[in-house]
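Given below, in the form of structure tokens, are the structures.
Two complexes, one shared chain (subunit A), two partners (subunit B, subunit C).
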Partner chain A sequence: MNLSGLKMIRQNQYGLDKVISLFFWLVPLIVTSLFIWILGDIIRGGIGQLNWAFLTTAPLDTGRQGGIAPILVSTLLILGVCLAVSLPIGIGTAILLAEFTPNHNWFGRLVRRSLDVLAGVPSIVFGLFGNAFFAKTLGLGFSILSGGLTLACMVLPILIRATETGLSAVPQEYRLSSASLGISRTSTLWHLLLPAATPGLLVGLVLGIGRAIAETAALIFTSGYVDRMPTSLLDSGRSLSIHIFDLSMNVTGGDANAYGSALVLILILLLINAIASYLSGKYSKTLKV
Partner chain B sequence: MTKSIHNNLDRHKIAEIQPLMQIHQLSLFYNQKPAFKDVTLSIPQNSITAIVGASGCGKSSFLICLNRLSDLIPGCTVSGHIQLGTLNILSPKANTTALRRRIGTIFQKPNPFPMSIKKNITFPLKEHGVKDSQQRHNIVEQVLKDVGLWSEVKDRLQDNALTLSGGQKQRLCIARTLALQPEILLMDEPCSALDPISSGIVEDLILRLRQKYNYTIIIVTHNLAQAKRIADYTALFWVDKGCGRLIEFAPAEQFFNAPNNELTKAYVNGIKG
Partner chain C sequence: MRQQFLTLLALSLSVGWGLSACNQNSANLESNKLTLTGSSTVAPLASEIAKKFEAEHPGVRIDVQTGGSSRGLADATQGLADIGMISRALKDSETEQFQSYAIAQDGIGIILESSNPVQSLSNQQVVDIYQGKINNWQEVGGEDAPITVVNKAEGRSTLELFLKYFQLTNSQIQADVIIGDNQQGIKTVSGNQNAIGYVSIGAAERDISAGVPLKLLSVGGVEASTETLQDGSFPLSRPLTLVTKETPSGLTKEFIEFAQSENVHDLVEAQNFVPISPQKLVQVP
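And then the complex of A and B:
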């Protein structure tokens, strides 16, 4: 092949490279602009509502007027119940899967497969299950407890998988050298493996909280609709996502407050995200696995 | 620990020292496939035993049986008998935590924990019941001096151990093991991941440990020259029909100068391996 032919191939290659890199720039650009568009819309619509009174007063006129104080409290309580239940169970299961059941073990495979299926179940199914089991069978009724427990079921698969991935990413050498020093498995787990897996756990936590806090369908059937300030975990409580749904779908003239509530929801999510990435960065700095 | 000190090393005398660890018909399998088979030898007390041989002949696998680290490897089974004093190491009743304190391991790749330099040493100590923090600190200072690291790190004991250089990390790992006062040190190619200077430092350290504290050391090495420099006894492993075998085990002088086995002769003369 002569030199000019070679040149032509190069130029063609170069042209193709350009097209492909343009494509790879374009895709994230579209995704990002979608996100910015939605965010912009919510900020534009909600910023006018957002003030201290909105956060601290009760809704009036089925939410058209007033604030979201009881809804915020219910949301945080539901989230609290959800995490209080799902964190210990989730971390425990992840430890079992990552440290005590080898990959080819039938029990481990069964649990992993079940979790993958659970992660894909539509939230409305969780809602109906929660209604049947927590609200009716266990007699918890429409309550924050029922809602939190239902959310815990939904969040568990995400939490477990992320923690398990975090634990599996810890180098095997740590386990070997720890054992070679006569350190018990429990101590190895507690002092070495769990701290090293913390960044992974935090990622799972953020994803889980994200799913829980945005959940509507599962909560309609479990924690209920009531927008009063809850006095106990057995009270019904309306979450932010349900409030947004209700205001925009069922209450004419509720759009402004729906926007305000959506903005608060997004701010909470961003805050949780920021805290988690700060903690995760701090941990990876000191541990550097 | 016995008090016999042999600064003037007389290898023939060492041959009379009674064996510390007796290994009989030891075999190890990974999912039924043997890594090495039927190894019988006695590890003499207060001596350095080098295990040499080509890659994949089961040297490292042999080492991990001796303190039951093989338990941690999925699909790994061990048969045979290992006796350490009155303790039958392979017995299911043997307390592996206590066993691994008596038999420390240094790995090929230095692997300090992602903690501070000091905590790398105090964490195992706490685990083994050294409750007094002053006592722990004294041990830290002592073992870091033993491995020649104290002057280099005494002002930054709280720094993350992962900020140390490769050679320093390996010496920290040795210090961490020494802090538990083991009777036997297993070393799996402790110098092969290090640069020549760090490697020399670690090698000197091994000799010093044997002389100062009478450690019994079993070291796997790829480096024949290293084995020649430091070993009192040498064992050659070789692959035969896809499975590692012990070819020859002899005092180092005999092993290098007048081996019994033709394979050993070829190996030490650089014809094979």
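And then the complex of A and C:
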């Protein structure tokens, strides 16, 4: 091959490089601007509604007037039930999968496969399951408890897989050194592996909360539609997501408050994200022994 | 790190404990509680009526759930709900199984800007306009101007009612403007002499009497008004209905009677529905 031919190929490749790098700049730009557009739209539509009274008063006139206090409380209670149930079960299952079942163990593979299938199940299916099992079979009725438990089922696969990945990422040397120092397996798990896996757990938690708090379909059939201030976990309580859905779909003239509620929902999500990334950063630092 | 984990654990446990404590508080309320499930169109109205009923009957709790008309019927059959809500009349095959009590009438009218010379449209003309086969007002006796077709966004109950009556599917409609609620439809049409749209009759009438330049066309030869809606002669309408499996008694009876009474007419109108006329009312025996 002569020199000029080589040069031409090189120039062509430079050209291609430019096109590809342009492409890789454009894609994130499009994604980011889409996000900013949605966020901007919600802020523009919702900021006028957002004030202290909106957060502390009950909805009036099917939500067109008044605030979202009972709905906010119900949402947080549903989320609380969901986390109280899914965190212990999720972490426990992740420990079992990562620490006590070898990679090729049939049981571990079965559990992982089922979790992956569960993670992809549409939320309406969880809703119908929750309605049939928690609301009817267990007799919890339309209640915050039914809703929270249904969401826990939805969130578990995400939580378990993320925590498991976090645990698996801890170098094998940690376990070996710990064992060689005569530290028990439980102590190793508690003092070494779990803290090391916390960033993974937090990622799973944020994803899970995100899925839970945005959920509408599964909650309509479980936690229900009642917008009264809940007095117990057996009361039906409307979540923010259902409130937004109802205001924008069923209630004419509800759009302004739908935007306000959407803004509150997004602020809660951003807050949870910020807390999680703060904690995650803290744990990553403490671990550098 | 250990401390943080203990905090986390303590948090989970305390939530769990609070949860079981709550369980014990809410017993013994069952006899004063009614559950309604069903149509998402009826649910907002029913929950407003329920709030007013609760205010007048201290200690009574009425939970309104949604999920669709068919769910209302299913839950009423299985006894999961005391009252089902459907956004239509009972079908003949269902009348043996259920008792039904209409609480309001939902109707939509076709609206034009008031200076549009067109006075009436046949059903076929409406269908052709919405399908884009007629796209100039001249073809239906108006001025030489293009027609602006205003359609409702997906998921609106008025859209469903409109499509069902004119036997259209949403994909057949060639819309120029897609709108959300009634108010937006009224604004769009009253601000555009060449527009055609459809909105809730209650909302349109209220705005016309407030001076908004708008007119309602008759549908199928029947004038669109609160009166024709109330007496059931206007075709583009449906009753919002409460259904029960058994003949209502006790609290169920009281609530249905309340939902049909004049006490709630303001709530019915606030939701852009029309109260049923007293002559047409089917009352609880």
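Just so we're on the same page, the second predicted complex is superposed on the first by the 284 of 289 C-alpha atoms of A that agree within 3 Å, B and C clash if a C-alpha of one lies under 4 Å from a C-alpha of the other, contacts with A are read in each partner's own complex, and residues count from 1 in each chain.
We take it that contacts are C-beta pairs under 8 Å (C-beta built on N, C-alpha and C of every residue); 3 or more make two chains touch, one makes a residue touch a chain.
All figures in this text were calculated on a predicted structure; none of them were measured in a lab.
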| query | When the two structures are laid over each other on subunit A, do subunit B and subunit C clash or fit? | reply | fit
| field | subunit B, subunit C and vertex subunit A (Cα centres) - angle in steps of 10° | value | 170
| said: So in the superposed three-chain picture, is A:V251 touching just subunit B, just subunit C, both, or none of them (first/second/both/neither)? | reply: second
| query | Does subunit B (first) or subunit C (second) touch A:S236, or do both, or does neither? | reply | second
| said: Touch test for A:D61: subunit B only (first), subunit C only (second), both, or neither? | reply: second
| task | Using the touch definition from the top, say if A:V264 reaches subunit B (first), subunit C (second), both or neither. | result | neither
| request: Once the structures are superposed on A, label A:L97 by its partner contacts, choosing first (subunit B), second (subunit C), both or neither. | output: neither
| First (subunit B), second (subunit C), both or neither touched by A:G182 | first
| message | Per the contact definition in the header, classify A:H191: touching subunit B only (first), subunit C only (second), both, or neither. | response | both
| request: Could you figure out whether subunit B or subunit C reaches more residues of subunit A? | output: C
| note | The superposition places the nearest Cα atoms of subunit B and subunit C at a distance, in Å, of 10
| message | Per the definitions at the top, what is the overlap between the subunit A residues touching subunit B and those touching subunit C? | response | 191, 195, 286
| field | subunit A-touching residues of subunit B, taken from the complex the two chains share | value | 67, 69, 72, 74, 96-101, 104-105, 107, 109, 111, 113-114, 123-124, 127-128, 160, 162, 173, 176-177, 180
| query | Can you name the residues of subunit A that touch subunit B in the complex? | reply | 102, 171, 173-184, 187, 191-192, 195-196, 286-289
| message | Using the touch definition from the top, list the residues of subunit A that touch subunit C in their complex. | response | 61-63, 80-81, 83-85, 87-88, 136, 141-142, 145, 190-191, 194-195, 198, 220-221, 224-228, 231-236, 246, 248-255, 283, 286
| said: Can you tell me which positions in subunit C touch subunit A when the two form their complex? | reply: 1-2, 5, 8-9, 12, 15-16, 19, 22-23, 25-26, 35, 40-41, 43-45, 47-48, 61, 63-67, 80, 155-157, 180-183, 200, 203, 270-272
